[in-house]
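Got some structures for you, see below.
Next come two complexes, and both contain subunit A; in the first it sits with subunit B, in the second with subunit C.
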Partner chain A sequence: MNGPQFAMTAFVVTWLTASLRLAGPVLLAALGETFAEQSGVLNIGIEGTILLGALTSFLVSFYTGMIWPSLLAALLVGIAANMILAWMYVTVRASQVVAGLVFNVLALGVASAVYRKALGNSAVPESIAMFQPLHIPFLGNLPVIGPVLFGQTILFYLTIALAFVAHFVLFRTNFGLALRASGENPAAADSAGISVYRMRYAGTLISGAAAGMAGGYLVLAQVGLFRESIVSGQGFIALGIVIFGRWNPLKATVAAMVFGACDALQLSLQIFGTHVPPQLLLALPYIVTILAISGLFGGKAVQPAALMAPYIKD
Partner chain B sequence: MKHTLEMRNIVKRFPGVLANNNVNLTIQAGEIHALLGENGAGKSTLMQILYGFHSMDSGEILIDGETVRLGSPKDAIALGIGMVHQEFMLVRRFSVVENTVLGLREGNGPLLDLRRASEKLKDLSNRHGLALDPAAEVGLLPIGVQQRVEILKLLYRDARLLILDEPTAVLTPREKDQLFGVLRKLREDGRSVVLVTHKLAEIMEIADRVTVMRDGQVVATREIGSTNGQELTRLMVGREVNLRADKSAQKPGAAILQVEELRVRDETGHEKVRGLNLEVHAGEILGIAGVDGNGQSELAEAVMHLREIKSGRVILKGADVTRLSVALHRTLGISYVPADRRHVGSVTEMSVADNAILGLQRKYRRGIFRGIREARESARGLVARFGIRTGGIDFAAGKLSGGNLQKLILGREIMRGSAALVVEHPTRGLDVGAVEAVWGELLRARQEGKAILLISAELEELLNLADRIAVMFEGRIMGVVDAAGASVEEIGLMMAGITAPGAAAAGLGNKEAHRGETL
Partner chain C sequence: MAKLFERRLTPSDSPIAIFATTAAAFLTAMLVTAFLFLSYGASPFQAYFALFHEPFGTLRGFGYSLVRTSPLALIALGTIVSWRSGFSYLGFEGCFVIGASATAWLALLTAPGARIGPIPFFLFLPLAIFVGFVAAGLWAGLVGFVRARLGGNEVLISLMSNYVAIFILQYLVSGPMRAPGSLPETRILPRATWLPFILPGTRAHAGILIAIAAAALVWMLLEKMPLGYELIVTGFNAAAARYAGIDVGRRIMLAAFFAGGLGGLAGMVEELGSQHRLMDGINGGVGFVGIVVALLARLNPVAVIPTALLYGGMSVGADAMQRRASIPSSITFILQSLAVLLVLAFDALRYYKINFSVFSRGAPPTATEEASK
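On to the complex of A and B.
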């Protein structure tokens, strides 16, 4: 193998490996968000929920040194925080956009305060135990696809498995049918004896659990420490992925990979050095997300018909 | 439910209204029982209570003599009571079978078993003569078939009592006949049907017994054999009514409003008006008949340019106004009475006085200020001239009854003095007295020489008011008939998309003023 060819292969492997690695947390959050939106709730609060999940997993891991309980704690905090959101969205029938955005601001404040309270203002960020990439014998040794597909952390494979589970639950179970009916035509769901409120609480709480876990994923498998800027819009990107994925978990998986590839491309290009301004590269995934959310490429036609419409039983 | 259902002394109070006042109703097994009454008589409330949507303040519901509790639709379904709402409770993006099993917990635990459900559905549809494809997406089905889905949903749950709320409002006459065939089969099967309606002819055609409600109370229950339409009307309205408008013979004048090859799309991009032509003359009412949703609203909105026009022309008094603003349309002499009185025709939070000059604000002003005194004077004149019953012109327009609000809107648009008037469903939801008043005003405007385009789903209204009736189906005019010699069957066929041979020719032949290519 000559020089340029080797460099090219190295670039592709680094790029693709990073693509999948970066796709993990946003995909997890997007899978949960799909349930919320299919039930009729646009849960923008997942951005803040990811942050709370990240903080929780960091603190639990820091104090106990145990990884799995840290992840579980992040999930539980996600559910708890989204109880408040679900109450605002479904029971109070507040504007879902406003409630979600304000919640994100609140979550940022709470996270900073708790972090400082717990660790003081020590200049050196504390690092913690993390999930390590698996080494799968034989498969992991294959050229290119070995490191890319079989060298990820256990959380990545768990997330992929959850995508299939989510798809099955949404489209092959009574619960999924009832949940989707609540997002499409709540009055029809109600008259069929389905509790729309319960379905929308369920959708919101599932998105909370997934977002909390996504926060844990970020800390425990990618960063290893906590910063206030750790989420940096990944919750919003997950919203874009839901739209890209047409409210379908399997399509969302593909969409998340595309996002991961954009994100990883800017990282890889920075490492390999290009003449493109890094700021522009950094903005790439966000631009793609804005385009996805804009509806310029369709999407209005397939979104749940009652998305963001509070249900009032008269 | 096996044999009889009894509602005893039902009382239901809404803020400010006694919707059901000591209502008693008995439904037997194997009967079709009509529930007749005007809007606001309390029929819907009573049925919502029976279906568990509303709770009652007092009273009792018994099935075979045993008291039952109906706290939610779930309870009603479990007791064999099902309801087809006026607005279908279907998830448009789901298939027929998905809609059917929605909310059911069947043998398979949490998993959906659509295959078995489809089999059962096919079996049911064969048995009851309701042809259906279980895999079809509901939103793509015609309205009449969607209604079949609703009925099958109930049969799938083995409902013994089926409540149908105004089931024929959205159907063509032919679809109505099919529905009645199904209802008769259900009766033979020993099931009961409650038909909520205000259409007398249908009651006389299919019901076994009829209960008439007025002002929240039951006025009478009759066997169909021992009553007639006149008695039922009297019971329903509380006085003798003869709903027949006397239309003076008059020769129409020049063409005022012309529509040429008009094409209009709806919000989702579907073409709803497809190359439509028509012509309304001075002193003429041109009726547009058709089942709701065949492009009538889009036509009205496009004529006013409230909706984007894809192609074609709208001509007012010889001038092309197609792409002019709505304000210019109004200035140039065309007024619009929309179907939705409360959201489009008026601003319900504002006073009667302000609503009376809505769209005329430029006329009532003093420099940059409003000319409040002049506006109030004109509002008072309007209230007096059209007999609008209101607590005063400072009352919120939203507090007016439907009929009075309609008179306010119609009066405002007539008083503008426009040469052309587009009127959409002017009497929908109004009681008989208000219908009489609105009809009278429209005929007076016709006599004054206005060109009126009247869109209505009520054939009776069109036959009474219109000079000619154009039937719209899927965005096109199927044919035009002279109202004087029109037969309901002929119009009904065209409403279903079937051209009766010679219909258009007959309509045009009687009036030489109309040329074949314009209509």
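On to the complex of A and C.
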């Protein structure tokens, strides 16, 4: 293999490996959000929930050094925080955009206050226990696809598995049918004996659990420390991925990979030294998401019909 | 038998009921936050004293409060114009950045020896307002176009556009507009382009006057002008508006342009009044707190200035509190957002009415009892 070809292969391998690595947390959050939106709730609060999940898993990992309990704690905090959101969305029937947006400000305040309370202004401890990439024998040694597909952390494979589970639950079970009915035509669902309120609570709490876990994923498998800017819009990107993926978990998986590829391109090009301004590359995933959800490529027709519309049972 | 709390069919919309529920929500938020102060080992009374004394009890602090109020109020006004027109725009962080960048670019052009050269302030100011307004107006108008003509979801697109705007700012201050030196920032803007200071001995600048004028104009637009009426009808019921002959798509794009422009003015005011140079991080969440201010003011332009003053003042007080009592200033984020969430939740209370008559003997039958007879 000659020089340029070797460099090209190295570039592709680092790029694709980073693509899948970066796609993981957003995909996990997007899978949960799909449930919320299919039930008729646009949960913008996942941005704040991811932040709370990230903080929780960081603190638990910092104090106990155990990674699985840290992930579980993030999941539980996600559910608890989204209990409040579900109450606002479903019971109070507040505007979903308003409640979610203000919740994100609240979550930022809580995360930053708790972080300072817990660690004071001491130097940032960087050594928390983290998930390490797996080394799968034989498969991991394959050229190119070995490191790309079989050198990720266990959380990545878990997320991919959850995508299939989510797809099955949404489209092949009674629960999924009831959930989608609540988002499509709540009045009809109600007269068919489905509790729309309960379904929307379920959808919101599932998205909370996934977003909390996504925060844990971010800290425990990617960053290894906590800062207030750790999420920086990844929750919003997950919302875009849900639309890009047409409210379908498997298509969302593909959408998340596309997003991850844009995000990783910036990292790889920087390593290999180019003259493109880094900000343009950093903005790329956001621009791609904007284009994907702009309606240029259709998509309005498959949106849950009652999305963002509070349901009043009379 | 009359009940103490009786459920109404529609929420009471009397000013007293609205004010009472808002006040109750705010007091509850303060009560919750008081426990947070306790957890930091601080006396809630002293903490609240510090939070409100610095911004409203000292001249210097009041000046800083006015500095923080102007951009918040302008962004809140932009929120009101867009949201009441049924356009749920959330991209004010981006508009702020675009407005600030455009203004700084113009101001640097008027530096001695630059492309334009010094011009008198009375000519510069209208030009700066125009440039800041139009640049951010077009930025937001683009989202309006996507929503009106392509049917895209403006909530998510505007959220994403914030990040794109911030990357544009980072590019400008690290590349084309960067001043020689180690930090990615521009030169200091020429002194002649600064907004005049209006309170001797403080940093308060004329931006607050611009904000007050904008509030009056937005009030006039929405309450007194046919165009404002059409915008509000579009927001209430787009189908009815279309039936009445209103070009809904064009109204939405116009609302987006106005809203973005107001967000751009916020950036202009901050740039010319207080920052005096362009650098990364000037936005710092003001685009979202401004939306929160608009919500607490219940999308009413008249209530925006006092509400923005309250929130601007609280952020000044929070910084003082962090310096003196080492309570993290982020606690005010909690207080500010909790207040709005509770206002939303407490709105449910307006469905109930209190029958004081149950306390007197021989209470008259209530309306529902009368009807059921």
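Miscellaneous remarks
By definition in this document, the second predicted complex is superposed on the first by the 310 of 314 C-alpha atoms of A that agree within 3 Å, B and C clash if a C-alpha of one lies under 4 Å from a C-alpha of the other, contacts with A are read in each partner's own complex, and residues count from 1 in each chain.
One rule holds in what follows: a contact is a pair of C-beta atoms (placed from the backbone, for glycine too) under 8 Å apart; a residue touches a chain by one contact, two chains touch by 3 or more.
Keep in mind that what you see is a predicted model, and the values were worked out from it rather than measured.
Bringing the complexes onto one copy of subunit A puts subunit B beside subunit C with no clash. Which of subunit B and subunit C touches more residues of subunit A: that partner is C.
Of the two partner chains, subunit C is the only one that A:G109 touches; subunit B does not reach it.
In the superposed model, A:A178 lies in contact with subunit B only, and not with subunit C.
In the superposed model, A:A187 makes contact with subunit B only, not with subunit C.
Rounded to the nearest 10, the angle at the Cα centre of subunit A between subunit B and subunit C in the chain-A superposition is 70°. Within the superposed three-chain model, A:Y286 lies in touch with subunit C and out of touch with subunit B [touch as defined at top].
Superposition on chain A leaves subunit B and subunit C with their closest Cα atoms 5 Å from each other. Across the complex, subunit B is touched by residues 172-178, 180-181, 184-185, 187-194, 301, 305 of subunit A. By the touch criterion stated above, subunit C contacts subunit A in their complex at residues 36, 39-40, 88, 90, 146, 150-153, 155-157, 159-164, 167-168, 170-171, 174-175, 285, 288-289, 291-292, 295, 328, 330-334, 336-338, 340-341, 344-345, 347-348. Across the complex, subunit A is touched by residues 51, 53, 72-74, 77, 83, 85, 87-94, 98-99, 101-106, 110-112, 268 of subunit B. Within the complex, the subunit A residues that touch subunit C are 42, 44, 84, 88, 92, 94-95, 97-99, 101-106, 108-110, 112-113, 116-117, 232-233, 236-237, 239-240, 243, 277, 279-280, 282-283, 286-287, 289-290, 293-296, 300.
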